[in-house]
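What follows is a group of structures, each given as structure tokens.
There are two complexes below, and they share chain A, which is joined by chain B in the first and by chain C in the second.
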Partner chain A sequence: MRLLTLAWHSLVNRSFAVILTVMTIAFSIGLLVMVDQLRQEVREGFYRSVSGVDLIVGARTAPIQLLLYSVFGVGSATNNIDWETFQELQRQPEVDWAVPMALGDSHQGYRVMGTTRAFFEQFKVGDQEGLVIQYGQPATAVFEDLFEVVIGAQVAKQLGYTLGDEIVLSHGTGRVSLQSHDALPFKVTGVLAPTGTPIDQQLFVSLRAHRALHVGWESGVQRPGAGLDQESARQSADALQPETLTAIFLGLKTRAAVFGLQRRVNEYRVEPLSAIIPGITLQELWRISGVAEQILRVVAALVVLTGLLGMLTVLLTTLNERRREMAILRANGARPHHIAMLLVMEAGLIALAGIVLGVALALMAQWALAPVLLDRLGIYLSLQWPALWQWGVLGGIWVAGLLVALVPASLAYRRTLADGMQVRS
Partner chain B sequence: MLALAATAEAQIERQHGAHVHGEATGFMAVDGQRLQVQLSLPGHNLVGFEHPPRNERQQQAFDQAIAVLNSDDWLRFTPAARCVVTSVTATSQGFGVDDHTDSEHTHDHDHHDHDQSDHDHGGHAQVDVSGQVECARPELLTWAELRLFAAFPNNAQLTVDVLTDQAAFQARLTPNIQRIDWP
Partner chain C sequence: MNSLLELTGLRYTWPGAEAPIALPDLSLSPGEKVFLYGPSGSGKSTLLALIGGLIAPDAGEIVFSDTRLDTLKPSQRDRFRADHLGIIFQQFNLLPWLDVKANVVLPCQFSPRRARQCGDVADAAVQLLMGMDLESELWSRRADALSVGQQQRVAAARALIGRPDLILADEPTSALDADRRQIFVDLLFEQVEHSASTLLFVSHDQALASRFDRQLSLEDVGE
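This part shows the complex of A and B:
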């Protein structure tokens, strides 16, 4: 114990070099932990977002692309699909539920999704949890009126909307949109409970309202006088059949039916479609990003190695300066193995401080990155302690630090023996 | 309306699926106690040719391949899950020997006819295998093995999509990795 106090004081005495060493190790540990934590958390977040969907159907495109634009709002669809296709899919015997989605509008940079009541009743996130409308009418009464909008938790929080507020949607998906659908304002009639998925970042209107918004907008801008006003839109609500959709979420009755239907959709002769199984497509995505992750890991591991070598350098270079100190210790009754232990303990303390600080840095980085990921992908990063196996790796690094210290320790051990016998000035 | 349909069809006929030669694929789905396996194995992987058998040797190879696939020897599961293979049916396509022995093949595909003609046109031959399995303790299922490599040296890789209560994932099996581990 006395040796440990001594080690501590010795480190404090050389605090500048020690702090630099600790920082080197801390940054390397921080990088190592962060790479893994982020990877874990992002994957978790992606899986949470599509947990209850068996198939996603969209225009024929790359599976990853379809998943990214339909669920995460990354990129956009190359083509839309026909409303009749939706109806045909809905009629398939193995289909339990079908949720259509039409994208293309936004509100203050948040995505607006045209859908049906089925979305609120069937869509599941996280651990097979259904959507909950926290404030406002229940899911069964959603979209009673044409101009109702249900908003995600994050939208409500960020923009300060409550029930009854009137909002205007914008044409297109840019943050700053010059064209707004201001003739047809919507009323907030529901606020969803937070889910930690991209749903929190979206607004939901009925497909019919989505269609009503775009009457007269066929060329991309509104033809003067061609749009509907609220009253005429309401009157013709029944005639407002959607024409195209961006994607369709499907839930099937049995898991075994998923593959058959997927194949049939992919081979559908009438319209070129793609059907994807979200989990398998995510895996495909990880396979691609996995290469980058692996590289980052190797880099992080090398940086850790550099940190430990840095510590070795510091211990070795100070060894000469500390000859007097060692001699005094020896004169006071310290045995050579005490001196060696002292050096190992010092290294242990440095490595420990580096690891603790590194984990703290990783947590801080996660905390700083969370809003960015939330904004870009709608995924919540929760602050997580490193997992058990990560602690194992960190423990291994600490042990490696101790082993590295054996080099100066053995040098000191031999030297103090010699120093003790030779008479030197 | 008719004219529209005709033009639509004319355009649609230019869709072609991506065919990768020698790619064996399949899926496995767990629904409660029922487990279903379905595989598409190219003739190349099984017997080394994709046409009707032309001589005694090829006929023998073909018969033997079908016999191996029709047995349930190649399917193994976590013993604790107590799985029993209730049926395995191998159906060949494009080998000329029209052995559609599939009395159990009850899928009502709308496009079945299309599928059929596609394979014939493409000059490919394959064997589809469908297996039904009942597991008494499906919650104890942690792996499945498809031992389809020793008997078929040409079979280098088998990609299987797997859906369980917990996960959806893709497994790539090779002669060295015949086991699908649940994540």
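This part shows the complex of A and C:
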């Protein structure tokens, strides 16, 4: 419209102050959108990673801690559980499948999990999706040889590994490891399809291989000359029964049985155990992180308010120097409400530019943060367009911008009525 | 012949002022070019604000063609001003952040009647700019990039666009030097005649007075 063109030219004329105001609003909007987007995406990523598992069992510990170290590789277990416990659990009538995990080794910073074939056959992620071995032998043939390793999609991509590559695992889970299992190299025999969960960031060996690696390491470091070589390990493979595990993932035949089994595990007499229902433990985790999110949101909302007040300041301070403009417009037929509308439109344009730029900033921030989250937690952050309700909030902020502009607009309205046509300098 | 504008017995008190200002009766015929001698303090601003419809008189009548301006509502006076008046100030007439052409067409944005009377608005602006002797290279410049003399000529072109009935010029030459004043008045007359508008030219510069159809003075009126 014609007034809109006038508003646009008037803003371009004061572009410096206008750009600064737009930036203030953009940063605040960016923060607001980003906090919510990250929250949603991270939650979804976490949920996806555990939603196929009914119970996670580990040595007695805090539920959140067990969840974090068993699934997300954050922190580490303070105690192990016995192999007999795993066998006992497997025998429970409610249990559909049981996947053991033994941690402790790494490769180039990626976690190595000792497990069984059941992992590839039974483990579920997301919406009950099974794992798929994208390249290599099928799940039923995994771990035929003792020194086979199956790698996650992201590991293969980042390290450029393909089938047949030989790799050496390191003792410990640090990013830089001084001790490596040089004597027992592994051959890549499978690459998993991407799942968007921490599985993509892991390597998988058989429990027996895990055990073989640690013969002679019982004290935490290798006793000189104590380790096995590949041949002797293969020959004694049958004798390599795992002794301890880090955690066990359980899938039940019916979800209804989950509480009963959880109670029984927690009351297990032979050793102290913790069983957690991942979804419930995640809720506890969100309750804790929710406080931080809430604070961030309040901060973001306050910054938005600051941005709008900044805009008000710019509009008000320019009002005096624009008194002449108003008189010129009046003399040329503009009515007081035209002049008030002009100011509201200017504010509307500023707020709109701020919101658009803010959403762009939020998308950029997500894009920049995605690799960090992938690296630290194995969670994929897909670029998300703001959800409908977020657009609603943004629309509300825009309307708030218009309302703020009513202050200078009503001042200008009254002033033009009082000034008449006189040009005051 | 019917008069275009008829002022009788006007009195107005500014808010905060003690005494009302009384204004002389005045009558303008269509197509007339009238010089109104008005030194500062003579009630000139009051007269222009009353004719412009920005204030309503305490007493008296303002009749424009057949319309009683003094009894209209403020919004109706606004519309009336937009449709029938072209106004030129002493200086700083233009919106600095618009280019010259956009400044000239400004009244047509607020008055559909004047836009209609232009025929093609852009064409009319070009005709007037050429008529006021402004070269085409200036047209797309920002208004504040022009000299004071050029700005006043742009202001005249703007006042004339859409053939308003009455041009109110409030000391439009006071910021110009003597030579330029004569040139400005020459150009203004030419265009006023072309659009068949009436001109009320308020000034304290008596040197220009003789060129007008009629000379009036506000000096002997007032208290």
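Following the convention adopted for this analysis, the second predicted complex is superposed on the first by the 420 of 425 C-alpha atoms of A that agree within 3 Å, B and C clash if a C-alpha of one lies under 4 Å from a C-alpha of the other, contacts with A are read in each partner's own complex, and residues count from 1 in each chain.
FYI, a residue touches a chain if its C-beta (ideal position, glycine included) is under 8 Å from a C-beta of that chain, and two chains touch if they have at least 3 such contacts.
These numbers come from a predicted model, not from an experiment.
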One more residue to check, A:Arg330. First (chain B), second (chain C), both or neither? second
Once the two complexes are aligned on chain A, which partner has more residues of chain A within touching range, chain B or chain C? C
Classify the contacts of A:Arg269 with the two partner chains as first (chain B alone), second (chain C alone), both, or neither. first
Which partner does A:Pro278 reach: the first (chain B), the second (chain C), both, or neither? first
Based on the superposed arrangement, let me know which partner A:Arg2 touches: chain B (first), chain C (second), both, or neither? second
Applying the document's definition of touch, where does A:Gly260 land relative to chain B and chain C: first, second, both, or neither? first
Taking the superposition as given, does A:Asn320 touch the first partner, chain B, the second, chain C, both, or neither? neither
Tell me which partner A:His338 touches in the superposition: chain B (first), chain C (second), both or neither. second
Looking at the overlay, does A:Val12 come into contact with chain B only (first), chain C only (second), both, or neither? second
Using the superposition on chain A as set up above, list the residues of chain A that contact both chain B and chain C. none
Residues of chain A touching chain C in the complex: 2, 6, 9-10, 12-13, 324-325, 328-336, 338, 417-418, 420-423, 425
Residues of chain A touching chain B in their complex? 254-256, 258-260, 264, 266-267, 269-270, 272, 277-280, 283-284
Within their complex, state which residues of chain C touch chain A. 15, 45, 48-49, 52, 54-55, 74-75, 78-79, 81-83, 87, 89-90, 92-98, 102, 106-107, 109-111, 114, 158
So in the complex, the part of chain B that touches chain A is made up of which residues? 8-9, 12-13, 15, 17, 27, 29-31, 34, 36, 38, 107, 109-111, 114-115, 161, 163-164, 167-170
